[in-house]
Every structure is written in structure tokens, then in C-alpha cells.
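We call the chains A, B, C and D, going by the order they appear; numbering starts again at 1 in every chain.
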Amino acid sequence: MLRYGLVGGGNGAFIGDVHRHAAMMDDLTELTAGCFSRNYEKNLETARAWHLPDESRVYRNYQEMAEKESARTDGIDFVSIVTPNVSHYEIAKCFMEHGIHVVCDKPLAMNVEQAEELKRISEEKGLLFGMTYAYTGYAVIRQAREMIKAGAIGEILHVKTAHPEDWVISSVGQDETNMAGWRFKPEMIGDSLCIGDLGTHAEQMLVQFTGLHIKRVLAMFDTYPKSLPLETNATVLLDLGNGITGELWASQIAIGKECSPYIYVMGTEGSLEWHHETPYLLKYTKRNGTMEFLSAGRSYMNGASNRLTRVPSGHHEGYYEAFGNIYRQFCEALSAVKEGKDPGTPEYPTIDDGLGGQKFIAACVESNRNGNVWVEV
Amino acid sequence: MLRYGLVGGGNGAFIGDVHRHAAMMDDLTELTAGCFSRNYEKNLETARAWHLPDESRVYRNYQEMAEKESARTDGIDFVSIVTPNVSHYEIAKCFMEHGIHVVCDKPLAMNVEQAEELKRISEEKGLLFGMTYAYTGYAVIRQAREMIKAGAIGEILHVKTAHPEDWVISSVGQDETNMAGWRFKPEMIGDSLCIGDLGTHAEQMLVQFTGLHIKRVLAMFDTYPKSLPLETNATVLLDLGNGITGELWASQIAIGKECSPYIYVMGTEGSLEWHHETPYLLKYTKRNGTMEFLSAGRSYMNGASNRLTRVPSGHHEGYYEAFGNIYRQFCEALSAVKEGKDPGTPEYPTIDDGLGGQKFIAACVESNRNGNVWVEV
Amino acid sequence: MLRYGLVGGGNGAFIGDVHRHAAMMDDLTELTAGCFSRNYEKNLETARAWHLPDESRVYRNYQEMAEKESARTDGIDFVSIVTPNVSHYEIAKCFMEHGIHVVCDKPLAMNVEQAEELKRISEEKGLLFGMTYAYTGYAVIRQAREMIKAGAIGEILHVKTAHPEDWVISSVGQDETNMAGWRFKPEMIGDSLCIGDLGTHAEQMLVQFTGLHIKRVLAMFDTYPKSLPLETNATVLLDLGNGITGELWASQIAIGKECSPYIYVMGTEGSLEWHHETPYLLKYTKRNGTMEFLSAGRSYMNGASNRLTRVPSGHHEGYYEAFGNIYRQFCEALSAVKEGKDPGTPEYPTIDDGLGGQKFIAACVESNRNGNVWVEV
Amino acid sequence: MLRYGLVGGGNGAFIGDVHRHAAMMDDLTELTAGCFSRNYEKNLETARAWHLPDESRVYRNYQEMAEKESARTDGIDFVSIVTPNVSHYEIAKCFMEHGIHVVCDKPLAMNVEQAEELKRISEEKGLLFGMTYAYTGYAVIRQAREMIKAGAIGEILHVKTAHPEDWVISSVGQDETNMAGWRFKPEMIGDSLCIGDLGTHAEQMLVQFTGLHIKRVLAMFDTYPKSLPLETNATVLLDLGNGITGELWASQIAIGKECSPYIYVMGTEGSLEWHHETPYLLKYTKRNGTMEFLSAGRSYMNGASNRLTRVPSGHHEGYYEAFGNIYRQFCEALSAVKEGKDPGTPEYPTIDDGLGGQKFIAACVESNRNGNVWVEV
């Protein structure tokens, strides 16, 4: 069993608990060390709430954690970073420099330069680096990927991907006192609000679902409430290479869309469509109009999909389990590495995907700033 | 009861029969004269199949029809034009010059110049001119319009409108022999295939649903099968004025979308969403997330919507009935005019909408041709 | 073209207009004569509103109509009866005795004896007798029937059929002044309210969809509001013979169900499911769980279904068109008879179905009265 | 933190893993002891796979476990029983006799007598006894319960509850070699296959959702494949007292229904409807037809519902989390008891519910055996 440590996630932060449960869901790793908060008292409280076995492994800061854990023979195998975007770079860099593998929340960093440096370090050090794009963890996303590879929809013509939510407009409204958190501060999140927060999910869904990558973007941003410093809604035309086009929509102000990631891939012989509202279903239509709904876990599903399911078809898996699938695939690869085996092609989003997301953000920001023109990713 | 004549629609053309039934559905008009085909034998056959009472009012060409009908005291009150796009202009012009009101299939003409001339003539002659954008005839579209006017969703922020179908890719496929019809010939339909055919439906749905108009477009076209001369898929960014943005998607190659018009309007206080798959429902969500489905014909619906329903709520109305609502509102206005009354603000799409559609097509074509740049509509 | 007459349906009755349009939708018949109301003034008004060509064929009572129409060489070919249940028997009998074919609204009569006599007369006279069970007219019902015949779902094991609505509870509520209409009076409708009104629709849907007939019933009735004389909700266990069982639910007080006919047929190799909410779709699942949605009008649908569609797949047909399909099949059969041809096996509900419905009502009433015991149909 | 032990669930049994994760999900308890299999080697393997901290607490049989754990000062606080039905009684009895609280999988026992004895013992000993009816753990079930209590739908008139699956027909088919497992053996499961397995879920859903209890049943059973000894499909009429009726359907051979628990409650002022396919939504319709979809986690939901959600609205929770909610509420009550506080009214299904389920099974079996007659529960 692998040992891991967590940086961030304390103080009752929702996402810390998700990472903790997701990582441990398949008994491949256990939480062994952590620095959950800059406030040491809260840090300890979190450790106790989570029953961390050894309180001496609750650290006052991540540097101390990286040093001491890397010095132990039973030190953590990897660290999970769930802090605000601004500190991803320095924390990931520090742990990698101490030879520790990394799982990092998205987006990877504050800009492309940081992302590229992290990628360089991970390659130099030969470290695994996973990115927790949670929605790509649903089993049927893998089913789609394999079907597309196998030609089930022919050549891809056009892709729609989206990630609309309503959390900014429903919780913040026009009340500026609700805009005080780090999620609204450019110095904490970088140059983009909505694309960084949600657009990257849609972008990575496209990558995981289709195997394609975005070559160029043409982005249009909207900001509401107007007093916010960055965009809360973004519509992006996509050039996916080889004449394939697409469109991506991300929104934090889409009333009626609680959390509605969506992808639709049009091919010459068929289409595939997935809605987060029913995350266990994949709509598959052939050119003559025959419509099928494929359901996670059924015997007709491919192995790549079914190995990620834990319950019989018709029973549901949700956000924790999708998240868990990212960790599971990371942990399997890391276990292979530790055993001196070839971990194979990563089935979890990697630092390449993290860097891809960072470039995507930068290109969208530039495209919008320059009047909605095409920008290379 | 009004009398009307039909130009085109013979030879078993699906759309001719739709116009005929739709026009007569509410007993406001009857088919009295026609020129259904350039082939006189087929013309007569159609007249017989449709039980036209007086065969002397089946004409060899539309010019003869306009002349003779305008000369009768019991001549037709209006003409419906359901020919291929290329002849809309000349036919509409001819009938208007003979003082006959017009209903015309969309798109209005081959280009903006023709459309502007038709508008000028209709104004000079004081003639009504209706456009049969069928999908806007569903009762709940009117419900949405009135709710938006009344502030139910606050200020509009962003609009998504779409009209994807699969008819080209499912019927034509890669077989060039299936691409011989007039619908694929630029000289018959103008500069656009998909935007003219379906994009205009989405554009007019936006107008009827929201009351907004498109100020600028930035369009990206795709063509498949590649041997076609014009686009079959189009993604368009929209500038709707006053900082309101939007996006429009039209497709003829969207496998999995049989006929899926869609509109979603995001406001500061709520959103409205309509899917053609369940055309009697309107999804209304308030800012706090309260989701309601409003159903055509219920007592809580507004009068503007319920006056367009013919069956109790839960019973369905379809394409014929939606089409019928366009005719119904046109006929009511024309009856008012004939009785010397004020017909009021048109509730059917007018020549202004037809001209708007033509400008929209032209702007999209130009935007795409010039490398996806913003173009004024 | 056939000529037909209408008895009942005047005074703005919704259903009269439905019958009129439905009958004429496919240009196979025209409304030629009528007795729309017992009030002659209203009768004439209706005739004018509907543009009946010859006012001398508006009759003061149905007896006069039967006599005079049967005496004309251009008399009506068939009569449609859309009066309250209580008079179906006498009117149908009268027209049949004058040699006129009949279409009758459901339920057929007030009791089994009347129904049997009508059947006997129709057989003796060699007359066609159609029943307008409207919901069975949707094209995909025929698709299901043919698929089942062809073994697509193996042997049928169990059937669920339902017809819930909310019209009584939503319109009447607890207000007794709203319960004054004929629909609530046993002397006008017979021994059953909900089973007669809606249960018969569900029963006939079962017959048309599966080809099976109900052998025995075990019925449980509920009445709300309590001051009503008859049931408004009914749950019925079904014995369909050969070990096949089923369940039928009808309700007039099902808040949340505007008009929700439903059928689900479980077989040994697959299942078929239809919801009136999306009447153009048929869900087909095979034993391994493969789920398909079949859509009216697609090329993969069978001919028996597609010949009943009038619009391309994805465009909708509704209540009028489903109703129209009943008339269309009746008129085709009657035209064949008039031309001396074999009309073939009726594809419209016949007097056998009407009699079956009457026996079903009687058996349900008896079963409920006797304490929910099995009763032969 | 509570300590618990598990009896059964080893050998890779799906349900063992569900119980383990569900119990620990909210950090209220940890797995401390177990007897996962009768085969000691497999027992140890399971313990290792699950990282049980102390192997000396892996027992050869449940009797030893009950004895030794009850003798320790740090012994388990409660035991979870996830063995086949046949051994629930003896195991639960044994642990209770050693003063250990119990959580037991459903159905509670093999017959009513066993269930009553267990209830008697739990009362005599003052022990908590929870039943893991997993589907009732979804947060919105609690929302419904509170809304009904508060009068949101007026007086209840009729209830439909169902639990159809396809697992028997899809996995077993007609192949007798697939019918060898304990789930098909009366000596292992009791007198009922489908009602015991799935009908009890539907029955308990009714209890938890509405607060009502079934007074009498009239049951009709079907068996397919015919070589099975017990029923695989059951339709049950319900008498819920005070003139309230209902219907329950359970099936193991419902192709097209992977796992489709459903409940619909009709009241005089509104209705509530829940489908397992979208377990986070609750459809609420008022008498005038206003339809709302309430979504788990939104601010407008009541506290009883929202305290059971772990993710923001729109993000999903599934089977593990619903299961976890049963454990969570049991553990909270048990913690209160241990601290000498009043645990309050149980919000988890208790031994009363387990006994109710057993009586329901017995009554259904008797009703069906006696020819579908009413039987008191």
C-alpha cells in the first residue's frame, strides 16, 4: 500500500475531504502525513478529525513536510496538492525536488512558464505527476475513448464540450461581500476565472474523451457581476487540427445548470454524447439514426470502462468515485514504478494535460484580449 | 373567411401539404387557387388530390395567377410561396405588385438586396408579409417572450440557440448521387447551405423568444461531405448589443440530432430553456436554483401562449399545429386589415424578420470567408 | 372521397373539432352533414363556423339525419358519433339500421348488452364500425405491434399499462359546483368514471401494442373527491392468458401526470416501452441490456409504422395526427369496401375492441364491488 | 470514533466492500474486527486486503467473535451482518446476547418469528438495531418525508412504489447452471425470492418517504425462468389504512430496468415523485399543475435533506454515499447512546422496519398462495 500526504484541504474545505476519500477508496494508499492548513492549530484539528495515525507527521509548512518525509524510509510515496492555484507551483516543485511524486488539483499553475518548469522537473527526476480532473474519471468516458479509437463514429468532424455551472451567480449574486474569497482574486488564481476554474475541465474532457488536442482557440469572455475582475462566462471556438472544429462553453453564471459538464462528438459514421446529469450513460447514435444508450458496468461495455466501476449497472457512482478513479489509476502506475515495472501509458491526466490546460487558459485570455482572434495553444 | 393561393408545393412535396393544412387548421382561410408545379399535369393532379373546388383557378404560372386572381372580386386575399429559395423574390414581388398579401417560406430571398426590395414594396403597397418560421409557432415560445418582457429572468446576459439536424449526413452520406437536389445548388439557394436552411431558424427563434436582435456575428463554417459546395455545419458567436453575447449552432450533419432546435437564455435573475424534443415544455429556473417546467395549456400560463393551444395540456401539438399558429396570427391580422381595423403589432414573423434573416446569412458568410472575424449584421 | 356526418361535437366542444380535423387530415373524407347539437341554433352556428357547404344537411336530430342521408344518392358514407356515452348506442343503432357505417367515440356504450347488440347489428348489416381510441394512433404503436409479432422481445411475460391524468383533481378540486357536468353523472356515462374514461384507453393500448387481450381482472377503485358517485382512480391486476400477467392503472386525480399514457411490455428476450410524453419514441431493450430508442419516421422503422407518419423524423405529430391515423385507416378500409375490394384486417380499433372495452369496464366494476376478486372479462 | 466488526462480505463479495466503505465514509467508525468468511484463509486474505490493523481480531466464526469482542474493553461497538439471509437471525441474536449493537442487511431474517424474537431481544437488551435499506439513504428521500409531514401535498390518496431490476433475466437467462447460487435457494433466503430481495426495498421506500405503513396486501407472483423455485416478479395491491391505497411492483426480470426504484405519492394538494435514475432530484407538482424539480444540496432544501449531502448540488452521490447515510445516522445515534444522551427518533431504518419487511414478505407469500386475496400485514 502506498503512503501519501496532503497539502491543503484543511479547515473543512470540501475538496480536501474529497481527495482524502477518493485516494483511499480502492485501498491502494493511505493518508500518512499532511500540512492541511497554515494555521497549526487547524492543521492538528484536521489531522485528528481524519484520524491521522501519527501526529508527528502533521507539519507546520510544506517545506518541512517535503524534507522530513523524503528523509524517512517510510516516507510518503506521493503528495496531493489541493491548495489555491497560486501555490501549486512552489509546492509541487519543492516535493519533486525532494524526489516525491505528485498529484495536483487543476489548474496546474499560475501560468505556462510555471507549468513548463514543473514538467521539466518531473521529467528530469522521473516522477509521476497526476492531475485530478475529476469528471474525466467517470467510467463511460473511457468507453467513449476506446470506441472512438476503434472507429465507432468514423472520422471526427466537430466537437462540442461544455462545463456550465451557476455557483457564482447563485451564491454571489450582486453582493460584493460575497466576492472576497481567493477564488475571485487574480493574484491567487491567475489571469482567468471561468476558463481556469471550469473551462479547463471541459478542455480536458475533450482530450480524455476524444484523444484530440486543441490547436487554436478564438475566445469571447463575459463578466458578470460586472464588478468582478475576470470573466465568468466564456465561449470558445476550437481548431482541433486536420479540419476538425469544435466549440467550448464554460460558465459560472448559468442559472439552471447546477453542474452540467457535457460533450458531444460528431463523426462521419456516428456520434457520442455524454451529459453529467446522468453520468453513467453514453448516447451512441449511428449514421442511420439508430440511438443507443450505453450504461456503465453492463457486460457489453469495454474492459477499459468496466474496470473503473465498483457497483452493478444501474447503481450509481458519483463525484467521489469518479475522483477515486483518477487516484486509482495514478496509484496503480506508481505501484508499478515502485515494483520496477513499466507503468504503461498513463490513464490518468498527467502533467502534459496540466500544461495543456495552462496553455489553453493563456491562449483564451490572449484571444479575448485581442478582440476574439485565433491564437495558437 | 380568407381565400388564399399556393405557389409551389406540388408533386407530393412534403412542405406543400404542411402549408395547406396549417393554413386551414383554424378555419380562417381556404385554399382557393394555386400554381403548384411548373408541369401543368402535375399541377392539376395536385389540385385534384387537394380537392381544389374550381379547376379554372389552377394556373400555368405564377404571373398568370397573380394577374387573374387580382382581377377577380373574389380573388385570393394572400398567396403562400413555398418554392425553392431562388424564386421567392420574383414571385413575392409579382404578387405584391398585384396588390396581394404574401406569406413566404424562409429564407426570404437569395440576398439582402432582394430582401430589401421586397420590404420596400410591401411598405409602399401597405401589404402584410408573413414568414413561416415554423418552430417559433409553438405556444410556449410566446410564453417565454412575455415572461422575459415582464422581467422574469432579469437582464439577459447570454443566449445559446441551436438548430442541429442530421438530414444531410444521414440521407446523403458520402454518395454524390444524393447531392443532386436543388437544396445543394448555390444557384438555387444562395451563398449558404446550413445557415440559410437551419441557422435562420435558430436566429429567428432567438428573435421571437427573447425580443433581441443580432448586431454582429463571428462565424466558423464546416463542410462535410467535402464535395458539397457550401457549409453543412456552422458555429457563430453573437453580439446582441448592450454587452449581451450569444452563440448559435446550426448543423445538417449532427448525427444523433434528428431535429433539435434549442434555446437557452441566461439572465441575471433566472433562465429559460426550450428543447424541441419536448416542445410543450419550458424550463424556468430562478437564481436560487428553483427549477420549474411550464407546460403548454395549463391555467398558470399566460394568455399569449394559451391562445395558441388547441388541446388540453398534456395532449400534444406538433409541426402542423406550430405551423398553423403562424398562419393563424397572419390571418387574424389580415382579417383585421380587411375589416379596416388596426391589426396591432404582428405576432407572426414579418418581412422585417425575413430581411433580418437574410442579413444574418450574409454576415455569417462574410465572416467565415474573411477568416472568422466580426461582421455587422 | 368519402362523405361523412358528425353527431355531437357542437357548442365549441373540443372533441368535435378534433374529430373534424382528424377525419379530413388525409383528404380521404369531407364533412358533409351533421347534427352537432340538440339546440338547432347552436347546431347551425357550428355548421357555419365549420363551413359546412350545404345547410340543408344540418339536421334537428340524428334520426332525421339517418333517414334523409340514407335516402340520398350522395348521402354520407359514414357517421361519427361524439356525443356523451349515454346516446352512443341509440345513435349508432339508428345509423346502422339505415345502412350507414359508423365511427364512434369510446367507450362504445353504457353496458355490455348494448355493445353486443351493436356488434350483432354491424355484422348482420356488414357495416364497418371504428372506435377512436386516439392514443393508439401514434405511429410507433404499430412499430411495437409488428416487432412483438416478429419475436423481437421473445415471449411476453408481463405488461404494465397506464393512463393517468390530473383533470378531475386539478379542475374540480373539492368544489362541487365543478362536478355538475355530464362526465360525472352515472346516468350519462354508465357504471364507471375513471375506467370508462381512461382505463379503456389503457386497455386498448395493451390490445393494439401487444395483440393480447385481457382474460380476467382484479380491480381496486378509489374515489376522490369523496362526493363523486364513481371512482376516479383504479388499479387493476390483469390475467392475459397463458400465464401472462399485467397491471393497469388509470387515474383522473394523478397530480403531476397531465396526460401520461404508458405501456411497458416485458418479454423473455427484450422489452418495449412507450411514454406519451415523447410519443414519437419507442424504447427497445434487449436481454443483455442494450437500450435503443426508436424514432418515428426513421428509415429503420417498419412500414406499418412509417406509413402513418406525415413529417420527417424529429418533427412532431400530436393528438390531431394520432386521431387522424385512426380515421385514415378506417377511411382506407371503407374506400376498399366501396370499391368492392377486401379491406383486409382492420388496423383501426373496431367494434370488437369497443365491445372488449365494455366487458373490461363491467368486469372491473364487478371485481371492485365484490371486494377485489378475479372476474372474467 | 466507534469500532465495528463485520460478519460476512469476504471473498470479494461486492456488498462487503460497500458496507465497509459506507460505514467509514464519515469518519464515525472504523473496521476493527471481522469474520468475513467461513474459510479462515479467505477470511485472513480479506482482512489483509482491507488493512485490518490487528489480525488477532479476525475470527474463525461469529460466535468466537461475539465472545471475544464483548470481553474486551476496546471491543467493537456494533457488528454489521452481511451474510446470506439464512444466518442473519442466529448471528444477530448471538451478538445481541453479548450486548453488541447490530446493523443488518435486509431482509432481517427468514420469517416473522425470527424477526419478532430479534426485536424482543433488542428491546430487552436496550440495543440499537439498524437495517441497511440503501436506497432510502438518498438525501432527497428525507426532503420528501419532511414535505409530506408539513402538508406540502395535502392528504395522501394513493402511492405507487416499485423496484424493478433485470439481474435475474439478464444474467441467468434460461441457463440453469446460473441458478446455483444461494440467492435462488429457499433454504437460504426464505419463502420469497423477488419480494424478499427487491420488494422489501420498495416497501421500506414507501415507509421512509411517506411515513405510512402497509396494513394489507393482495399479491400476484410470477416466476420466470420457470425452473426457479420462487417468484421473480410481483405485483401487489396495498391498503395503507384510512382509505389510502397503493401499488407495489418488484421485478428481477424487467429487461430495460437496470435498477429502477421508483416512488410516486399522490395527494389532495400535490404529488411527489422520485426515480432512482436521477437520485438527486425530487419532482414536486402542485394541484394546479406547477411542476418543480428539487435538487439535493440546494439552499432551498430542508435541513434534514441537506445534512445528508457531501457534495455541492449538481455533483453526484451514489450507492456508496446513500449507504453511508444509513451508517451515518446509525453511528450518530449510537454515539449519543454511548455518551449517555438521548439518540432521538431513529432516522435510519430500525428493527421495526426489518420486522415490518418480514411481515410484508409473509403476507405477500400468503396472499399469492391463497389466490390473490387480501392478507393483513
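The rule is short, and it goes like this: contacts are C-beta pairs under 8 Å (C-beta built on N, C-alpha and C of every residue); 3 or more make two chains touch, one makes a residue touch a chain.
No experiment lies behind these values; they were computed from the predicted model shown.
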Shared chain contacts [chain B and chain C, defined touch]: A, D
Pair exhibiting more inter-chain C-beta contacts, B-D or A-D: A-D
Geometric centre distance via CA averages, chain B-chain A, whole Å: 43
Separation of mean Cα positions, chain D and chain B [Å, integer]: 55
Chain A and chain D, separation of their C-alpha mean positions in angstrom: 35
Two or more partner chains touched - positions in chain B: 258, 288-289, 291, 295, 298, 313
Residue numbers on chain B that touch chain D, as the complex places them: 288-295, 298-300, 313
Chain C - residues contacting chain D, complex: 153, 157-158, 160, 166, 169-170, 173-174, 218, 220, 222, 224, 233, 235, 237, 243, 245, 247, 249, 251, 253-256, 258, 264, 266-271, 273, 283, 285-289, 291, 371-374
In the complex with chain D, residue positions of chain A that touch it: 1, 14, 17-18, 21, 25, 27, 30, 49-51, 165, 167, 257-260, 276-279, 295, 298, 310-321
